[in-house]
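For reference, the structure I am asking about is given below.
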Amino acid sequence: MTPKIEKKVTVGVVGATGYAGAELVRILSGHPGVALTVLTSRRYANVRFDHVYPALRGHVDLTCEELNLDHLQSACQIVFMALPHKIPMTTVPALMAANKQVIDLSADFRFQDVQVYEQAYQPHEAPELLTRAVYGLSEVFYKEIQTANLIGNPGCYPTSALLALVPLIQAELIDPSSVIIDSKSGVSGAGRSLSLGTHYCQVNDSFKAYKVASHRHNPEINAIASQIAGIPVKVTFVPHLVPMGRGMLTTQYAHLQEHVSADDIRACLNDFYVPRPFVRLCPPGRLPETMHVRGTNYCDIGFELDEAQGRVVLISAIDNLVKGAAGQAVQNMNIMCGFNETDGLTQAPYPV
Amino acid sequence: MTPKIEKKVTVGVVGATGYAGAELVRILSGHPGVALTVLTSRRYANVRFDHVYPALRGHVDLTCEELNLDHLQSACQIVFMALPHKIPMTTVPALMAANKQVIDLSADFRFQDVQVYEQAYQPHEAPELLTRAVYGLSEVFYKEIQTANLIGNPGCYPTSALLALVPLIQAELIDPSSVIIDSKSGVSGAGRSLSLGTHYCQVNDSFKAYKVASHRHNPEINAIASQIAGIPVKVTFVPHLVPMGRGMLTTQYAHLQEHVSADDIRACLNDFYVPRPFVRLCPPGRLPETMHVRGTNYCDIGFELDEAQGRVVLISAIDNLVKGAAGQAVQNMNIMCGFNETDGLTQAPYPV
Amino acid sequence: MTPKIEKKVTVGVVGATGYAGAELVRILSGHPGVALTVLTSRRYANVRFDHVYPALRGHVDLTCEELNLDHLQSACQIVFMALPHKIPMTTVPALMAANKQVIDLSADFRFQDVQVYEQAYQPHEAPELLTRAVYGLSEVFYKEIQTANLIGNPGCYPTSALLALVPLIQAELIDPSSVIIDSKSGVSGAGRSLSLGTHYCQVNDSFKAYKVASHRHNPEINAIASQIAGIPVKVTFVPHLVPMGRGMLTTQYAHLQEHVSADDIRACLNDFYVPRPFVRLCPPGRLPETMHVRGTNYCDIGFELDEAQGRVVLISAIDNLVKGAAGQAVQNMNIMCGFNETDGLTQAPYPV
Amino acid sequence: MTPKIEKKVTVGVVGATGYAGAELVRILSGHPGVALTVLTSRRYANVRFDHVYPALRGHVDLTCEELNLDHLQSACQIVFMALPHKIPMTTVPALMAANKQVIDLSADFRFQDVQVYEQAYQPHEAPELLTRAVYGLSEVFYKEIQTANLIGNPGCYPTSALLALVPLIQAELIDPSSVIIDSKSGVSGAGRSLSLGTHYCQVNDSFKAYKVASHRHNPEINAIASQIAGIPVKVTFVPHLVPMGRGMLTTQYAHLQEHVSADDIRACLNDFYVPRPFVRLCPPGRLPETMHVRGTNYCDIGFELDEAQGRVVLISAIDNLVKGAAGQAVQNMNIMCGFNETDGLTQAPYPV
């Protein structure tokens, strides 16, 4: 099936017991070209991974260990960093110096412009790497990813928004200054850390917005939208929390440029995504639901026109832990390493 | 406490075993000025109401009956109609002729303009009543409700959107043509009828949009927004389904008129709602969550500005079955009948 | 309605921002005979209660304060303790010495036998109070509660199990040594404290047992069952966690004594509970659901016989935060203070 | 990987759009030895399968068709029947006559004794096939399945209960007459058909028991338990409904035979299941959660002793749609056809 793989590539996951890390472990444990060699976890050092995640008993035999750069470098050719921002930028330079390939799931290497990063996060300690890093929105920066050694893996909200937005901005079918992004995420996006905001009783059977027009994924979306548009673009972005575990649905509103029809929108998205295995354009009259992409690396996209207002409503659905994090990270590894783009990611979604 | 009530008013609920009907029964069974006398249900005729809704055992002793106009008229002074649209317009004329006061929860009497109704629904069979009917958005049409005999009780989505929107349109703080309404509703809004769309497994742990820019509540919102603005207004409206039972959160986006500040918005909403018992304006930095209004007649409203874009983001939360249906209907009865506006509606919400 | 109340009794809640504490605040804020004067919270001292629980804005105006015994004693006649076990036994003696009436929701005053307490918990620091304390299972110890000054309010699991069990043990209709208790609780029973076990993603859409045959409520059930039976009784008790916020359903299995029929069981439960306002015996063929008691002080009880095995299956449903904690505590206060037993607890449950 | 497969076997799924049917389609679409050729659906005849289940777009290209025996026989070597009981017994005889291999997921071929079937269901129309049919509890009847042509695939509840029970009954470690089975199932077990009982609002955030000691899976469990015990066994069985989509947890209580220790129980289960790929015995101190087996063919088993009562508490977790239906059906096909037992069933479960 994948005859070009002769020897498996050695892979480590730093931060393996967070939700994105664990999802990486799940996917990589079934990847035909990968030998998982190192899982690090500060909290669960010396604990078997399948004690932390009993679901994976029989699939992963490794024991978590403290992060040790020497050991990591000797045991892995590829390193996935699944830590909160700020920590990766202190670790990645050494890995790069040791000629490792790194896919960082934090925000540390997502921005070309260090000032934008520093305004949203904190001072950057490895700014020299920013220009070497490639933004890992796989379908959009496929070519750059092929030759990259360092990937800044996109945020979940930006992934869900940009995959629908980029083709239309690029083709100048919509007015980028009019874009409003109303996103809804499952709770796993908040990670495994404890906080009142993820307490079952504070979330269950309720719905809310948060960080209105002030979420850190807003400048990330702005930066890529601007790059594609060729002019500075600022979008309005409002995230919401849905009482569900996984899944993200993003509803976007934009003014159509004059004389743009539904057929134009469809043709544009179709041309962009027909050759791409993980973006599924819904047939006319159908719209995405997060259930349809749960546990998969798919991004489903649908749209409707509000003719009276000259607006398009774009709707995209992803699994925030897969296409929004671990799955896209593996997809990027596949592209970088010359694997089949879908290796490890072909699992059929559950019908319900 | 309510000394002005000497004799209880007799009340009937037509369609008592749907979700809005049952919620009416719950509220009215605890209303100090009301004697519930008739509950009709086609499906559960001759079945005790508390067999259909065992939660209410000990609170309601009535048995459901078939709708019989003669009996209804002789047994009730006030009639709540909790049936799907199209049926009420064949029944209400007789009730009006018999000098009953009617609060209709369907769309049949929400529109002043019969053409708008007929475009969204079907031919109207009692168009002569439309001008007599008052749109029961209690806080906005309080005065008209005081002297009304027929209330067209608002839809849940319009209630949640318009309560935040009306004061700002009226005060000309926002551009009404720019309004985008992204609403999220719990499943009870779909009613008790069976459909694949309310099957637990099709909804649980998933999220979707539906009827994008084509929901029947869109013309309802347009009509009231236009009336307030004094010019024709068309909004973009997209409803979504949240995996929760009750609750509705509406996020609205609008361009601020020039030089409008956050303080202006706050002052406007504050002035409008401080005297009103059921709208709570969130303090700065706080936003509504549906959990905070669950089971109550409150509408909580909060907002943030996206300064870079000159937009306001309005967020409002209601319980779709209470302020979005049965609760507002009872509030309207209270206003019509001279009860305290809050009678029957003072129950404290659950902290979680 | 409650003419015998001339002056409101002053009441304090210690630990007001935990889930049971907040539920006490909700109920007491609507109690006709109560003036809430003190809310204590270590974590939220000097924070308005309605900032911690925005749902209750407009219902509670108090600001949380540190626990200060002098202030508590001067400001309150009745004190509800809603803290974890071990803390109350250091505080309650002073309150008793000051002639306060205390209802303690922890385990500290639930056991007559200090050894049983110490085996399940830790050394007791106020053992002399144990014989003065009354176990607040309202329907069973009604008389003793009337004259009590210190109530050990029952655990949620014991309440749900014992209300169904006690009449049958007392009437010798079942073999107490055969009792198996399989309980299922919503997540709010774990309280508001943060732990991985209450993280939304660890609970949502999943089900598990925990503390099998080793939960601290097991000796509590044993103690009361033994007292009623007049012989030592040990039950098998297994709690489970349900992905829901509130609610507890307990399924119990016991061998029938010879010649005991379904009619005998029904008559026994009926006789015991007909005069009691908060226990509702389901009609034949109907069984309790937690939804029917959500937010209320009801305990619904139903049963079926497994004739082939000579076993009765008892099913009882409560809201763990109400009849399982705060509601029963208020019911006990009502009984102690000579209020109507149902004061503050008459809110109709939601139909769905 | 599966070199012995040279040519794919042709497979049809009758009743492909129910939940068990759709799950069969998901699993079979990824099975290395299978060519899916026919999907039947009365309701969705002539509709593409991926229009009914959009999640599977890109994985299944077939269009549903009416059940046509001639076509089914010419196009398939193996037929999965995923229809309600009563229908299969009218169809299967023809398939058997045509030398097809049939795996029936209904109850029609689960009973050796036609009287037991007829008492629980209705008159049997193909009783002559009952003795040819093998009860497809894969781990227990592995040998018989190897040579079978007709499998009566077990019910979900019996699967979850018997996998834990059978080894202990067989080894005479427990008293089979003492067995009490308290099961909890997700809603998908009720299937895709519409009923008030699966309406989101009737299930969400609530918990209940149903069909207490009268569920049709009770005689199915009795029959197998009796066969294993060699004496007539009647268990008490009570199913409950959990507000979750997939998953089933069964808690069983039984008296230990004298001198039986926890080590004996562990050794017995261990011996029975170590060679079996789909049963995972939890390490001491760990218990199953349905989340750990979601979407997989695993049955996780754990246990604790209640020493004081001489009882063992057995806890087993499965995904009711996989090991409780479609997954076990495919496992049985694998065993019948000489595939690897795990073919098509190796997908790693989600960590959360």
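When the chains are written out, they are named A, B, C and D in that same order, and each has its own residue count from 1.
Note that contacts are C-beta pairs under 8 Å (C-beta built on N, C-alpha and C of every residue); 3 or more make two chains touch, one makes a residue touch a chain.
Not measured: the values here are computed from a predicted model.
Looking at B-C and A-C side by side, the one with more C-beta contacts is B-C.
Ranking every chain by how far its Cα centroid lies from the centroid of chain C, the top place goes to A.
One simple way to say how far apart two chains are is to compare their mean CA positions; for chain C and chain D this gives 40 Å. If each chain is reduced to the centroid of its CA atoms, chain B and chain C end up 36 Å from each other. We define each chain's centre as the mean of its Cα atoms; on that basis chain A and chain C are separated by 46 Å. For chain C, residues touching at least two other chains, in rising order: 19, 188, 192, 201, 204-205, 243-246, 289, 291, 294, 352.
Residues of chain C that touch chain B in their complex: 19, 22-23, 25-27, 29-30, 53-59, 188, 192, 204-205, 245-246, 277, 280, 282, 286, 289, 291-295, 298, 300, 346-352. Chain contact summary for the complex, chain D toward chain B: residues 19, 187-188, 192, 194-196, 198-201, 203-205, 243-245. Chain C contributes residues 180, 182, 184, 186, 201-202, 204-210, 212-214, 234-236, 238, 240, 242-247, 249, 251, 253, 287-291, 294, 304-306, 308-309, 311, 313, 315, 317, 352 to its touches with chain D in the complex.
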